[in-house]
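One chain, subunit A, appears in both complexes that follow, with subunit B as partner in the first and subunit C in the second.
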Partner chain A sequence: MASRSAVKYILRRLIFLFITYVVATTIVFILPRAIPGNPLSQILSNLSRVAQSNPEAIRAAEKNLMEEFGLGKPWYLQYVEFIGKALKGDLGTSITYYPRKVMDLIVPVIPWTLVLILPATIVAWILGNSLGALAAYRRNTWIDKGVLTGSLVVSQIPYYWLGMIFIFFFGVKLGWLPVQGAYSQGTIPDLSWAFFMDALKHYILPFLSIVVSAMGGWAIGMRLMVIYELGSDYANFSEYIGMKDKRIFRYVFRNSLLPQVTGLALSLGSVLGGALITEIVFNYPGTGYLLFKALTTLDYPLIQGVFVILIASVYLANFIVDFVYALIDPRIRIGQEE
Partner chain B sequence: MENVLLKAENLRAYYKLEKVSVKAVDGLSFEIYEDEVVGVVGESGCGKTTLSNVIFMNMVKPLTLVGGKIFLKVNGSFEEISALSRDEVKEKFWGKEMTIIPQSAMNALMPTIKMERYVQHLAESHGLDARELIDKTLQRFKEVGLETSWLKRYPFELSGGMRQRAVIAVSTILNPSLLVADEPTSALDVVNQKVFLKVLMSLKRRGIVKSIILITHDIATVRQIADRMIIMYAGKIVELSPIDELLEKPLHPYTEGLLNSVLTPEPEVKKRGIVTIPGAPPNLIDPPSGCRFHPRCPHMMDVCKEKEPPLVEIEPGRRVACFLYAGERT
Partner chain C sequence: MFLTMIKPLFKNKKFIIGFSIFIIFLLMGFLGPVFYRVDPTEMTWDYEQPPSPSHPLGTDTYGRDILAQLFHGIRSSLYIGFLAAIISLVIGTFIGTLSAVKRGLVDDTLMAVTNIVLTTPSILIAILIASYLKVRSIEIVALILGLFQWPWFARAIRAQLMSVMSREYVNLSIMAGYSDLRLIFEDLIPTIATYAFMSFVLFINGGIMGEAGLSLIGLGPTRGISLGIMLQWAVLMEAVRRGMWWWFVPPGLSIVAITASLLVISTAMDEVFNPRLREE
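This part shows the complex of A and B:
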């Protein structure tokens, strides 16, 4: 019985995921096309610089390009074509980076984003939760006040501003660290020690800025959860029957962490697109930066491509959260079996 | 004094807020004898739960002990626990000499670990052998009518009534002499209430606990097992009496009002129906002058507004704080 209902549950979730995925990709397909502007204008203006004297040739080129990208067809035909190709793993050709394939543009930048944001998110989560729990445990002491005030301030600072402060202070003023990019300009990524050290130097500032700005939110949430759990019935009762404070705090910490795990899984899901501003501020060659480029040049196929992958990763994370949560919280695991 | 387990002298405990104090427990004197069940009854907000905190010296800000003393008999001699700090009382007596069944006993067990592990942790905290304590808990589970295999489960796998019995089993595992049960039955259906009371009484009969303080607003429950009753109103004891005499002839007008507001099987009660006490309990920041019950009292006299009636013994074992009985004093 238990396994049958579990299968049913998973199937229902999968169907639901599929439907929302189709809806989301449709929206992503329509929205960029609603922005006024001609995605071909950049290529054409480049062309006109080369072939200034021949407007006929430019018009012919525009016609060719329209055909190549299928922009002349009605939008629903474009949509069907897009879906059909996407299912085969072909996300089309980029307009801005013509004639490079969208896939070939996205795949190389994914590791950069993952390497930067995955560890930063996890470190921020660990530090934030520890600080929040500490503040709650030492409630109304200077530690609590310090953590709370610091977290509130840091989490409310607009991220781009924080990033620029970091760049200004550590990069420009102190000159300790490079101010932009993932590695020095002119070097070619390889597996050498020198390149690794160079990349690491470029890594520190964006990494720290993400950790600092994300930590505050986790700390505030965790502090509230722990304060709530410290006043809960099981904490009071444990105290009344002589359970040691340390043990009670471990109970409270454990139970407070459960919802935070959900939060972590969700933010890991949006890792691929989540650092848009970081990557812009630090000129870091990740998916966020690519998306930014695509959006500013109205590169329909590239926008679609990034989002198709991004949405998929968010959904995957959502899907996994349900199971992770069941694994770590017996109330859900056993409750569902029965 | 020889068979007294707990003695309170003129206890006063206020919730000290920034500008005002909530006088939730204001001058209580009473004693709990060994081998008895005492019911503490009163409307919501009369200071019953505060009293249980005070008995445990569980002073968490803003609750502050303003005056008075509490003595608890430990190994045959009296300890003045009101002279100790909360942490000292907790370290020395909580769980060992005094224990509680809290108001929401259903959620009192750590929800995300199995009960067996919880008992292990408890053994660790008290420096006891885990195996022994688990065996003891298994025995206690049987005694309160739970299957021993359930110890290996999570609390939420049990029904509400069962969980409450598991809480009783765990909270009395170290044979504390005093058990305080705070509104234990209010969340239970009538059948489970009955089971619960039976379990309580059997714990006392076996000598696992010596005395029980049952805090409740439900006279119908408490009369089934209590030996004596303490009636509280607005932070004060208005009447203290053995149960049978109290039910037969309540002395204080408030006690009378409380009894009249409960349906009991006696024929005259059936005829009379339910009578309520008009008005509501007073604000304890600024309680009424004189007798705190006077604004709601049907027998109010002039003196009640000005002077506070002392709690005096007018029959052996019966104390009442009311000017109606001033003449009967010797």
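This part shows the complex of A and C:
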């Protein structure tokens, strides 16, 4: 099944993403050193604020920081060390939560973000594409007009603002669902049925705000794609030879879906960005919320760490989508093209 | 010529609706602060008041007038959107045309850069850069946002120009000894004008949305009021969970109305100018 062209395609993507990751970490390396006002001295002055309560910790932290940033060494050595560490997953030590490692702070919050963003994105993608295809199939009927108008508006609603509206309406006004967090305060996450139900209740609103507003964009794109495909030669030809509408539509649908898979890879970044802010609005204990806390205390190692991890996950997700694409696109799978 | 070009637009119902809504918000941003002369930063003892005749959209925790904030916010957000859009358009056009005209190594390098920026979530880079800047003017925020949202445009421009480059009249110009610059401005740029305008509109959306996101995470402009800053204040003061709808609904609604109307304008233009979408 895996033809040579598919393997080649996957390899090419893998190399590209690796280069991209190195570039992204390079940006992380350059920024604090290039921006005037020297953020490193800001970090140190931040440290001294913490120090008033704990003078012992500060000296250790300062020493640690100097070591981690490799200050005093030539820049190229600093760079090689930095990239090496970033690839190994060593992201340094947090300032606010000193002496905890950045990695140890990020790892526990990642599942919360994944649990929110993955199902929401996939559900939105499926629903949006189905709606868009339906609209194109019934072009110029009230279904089409309704779907298009609705999608145009809904696609422009930021997830987090829809989240605010949902919190206000379903949480505050109607009192149906909890208004914040991922589980009730005071409960300790475990694998019990009671905890699961509690978490599920907290999950509905953030999940829905992402699904609803992400759906619109997919519907618009898919509608356009299907309209294009319906006007193509093979669709017209199938019609002339008397093929049933349903069957033509099935072909058209499958062909239109391909670019939407690529679109999924490209949209991951903005979906993630929106989801992070949605977490803040919901006080949902994911990566976005951690990033927000790191930003309010200007905990640069933690900010950088979250950035590196998030970027790496976007690239990884990109790669998975590319992989799926290679599996479903016959041109790559069988290798007709190049 | 320009008139005959835009005339069919005003026969399209979608375009008229989108355009009207956008103009309303444009006027609110421009004329609102002129006619509604309330200082959006003035604190009063009427704090957290729901809408009333003296404060048509109520007040926030510090007794500041929400309607006045809204007018100033719309103005700043539109300004940020336009500025970011211009920056993205210039970068995108530059890279796209250069790639298409020069081909070879230049093309490969530029497209590699474009693909890297395209795969990297722009909002995350914006967050990282903004976190290092202690003072962020409205212009700086627009710059940070504009710097990273051009790749899809550059790619589209390049593809389009590649096909234009193989046309007869371009070959004639090349044979006539046109310089690259003259070729670009006389033969190439005009062919992408409509597409560029439609993309410009979407870039404005990107700028407005990006600003709101940055602000909510606490990295918006450090001075001035934008729609994002209003939302940030509302979130900080727990306006949502305390039921103060008049505080967080207007700025969000304005963002949706402005960006949706611009998207409708761009969609309608596509329908009018793109023969494959024209309704029979």
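The definition used in the following text is that the second predicted complex is superposed on the first by the 235 of 338 C-alpha atoms of A that agree within 3 Å, B and C clash if a C-alpha of one lies under 4 Å from a C-alpha of the other, contacts with A are read in each partner's own complex, and residues count from 1 in each chain.
Throughout what follows, a residue touches a chain if its C-beta (ideal position, glycine included) is under 8 Å from a C-beta of that chain, and two chains touch if they have at least 3 such contacts.
Quick caveat: nothing in here was measured; it's all calculated off a predicted structure.
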{"item": "Touching partner for A:266 - first (subunit B), second (subunit C), both, neither", "value": "second"}
{"item": "Subunit B versus subunit C as contact partner of A:23, first or second or both or neither", "value": "second"}
{"item": "Comparing the two partners subunit B and subunit C, which touches a greater set of residues in subunit A", "value": "C"}
{"item": "Which of subunit B and subunit C A:215 touches, first, second, both or neither", "value": "neither"}
{"item": "First (subunit B), second (subunit C), both or neither touched by A:255", "value": "first"}
{"item": "Subunit B versus subunit C as contact partner of A:329, first or second or both or neither", "value": "first"}
{"item": "Touching partner for A:247 - first (subunit B), second (subunit C), both, neither", "value": "first"}
{"item": "First (subunit B), second (subunit C), both or neither touched by A:234", "value": "first"}
{"item": "Subunit A residues contacted in one complex by subunit B, in the other by subunit C", "value": "none"}
{"item": "Subunit A-touching residues of subunit B, taken from the complex the two chains share", "value": "56, 58, 90, 94-96, 99-100, 102, 104-105, 107-113, 121-122, 124-126, 154, 156-157, 167, 170-171, 173-174"}
{"item": "Residues of subunit A defined as touching subunit B within the complex", "value": "232-234, 236-244, 247, 251, 254-255, 258, 329-331, 334-335"}
{"item": "Complex interface listing, subunit A residues touching subunit C", "value": "16-17, 19-20, 23-24, 27-28, 31-32, 35, 37, 39, 42, 140, 152-153, 155-158, 160-161, 164-165, 167-168, 171-173, 179-180, 220, 224, 227-228, 231, 266, 268-270, 272-274, 276-277, 280-281, 288, 291-292, 295-296, 298, 300, 303-304, 307, 310-311, 314-315, 318"}
{"item": "Touching residues (chain side subunit C, partner subunit A) in the complex", "value": "115-116, 118-125, 127-129, 131-134, 152, 205, 209, 212-213, 216-219, 231, 234-235, 240-243, 245, 248-249, 252, 255-256, 259-260, 263-264, 267, 276-277, 279"}
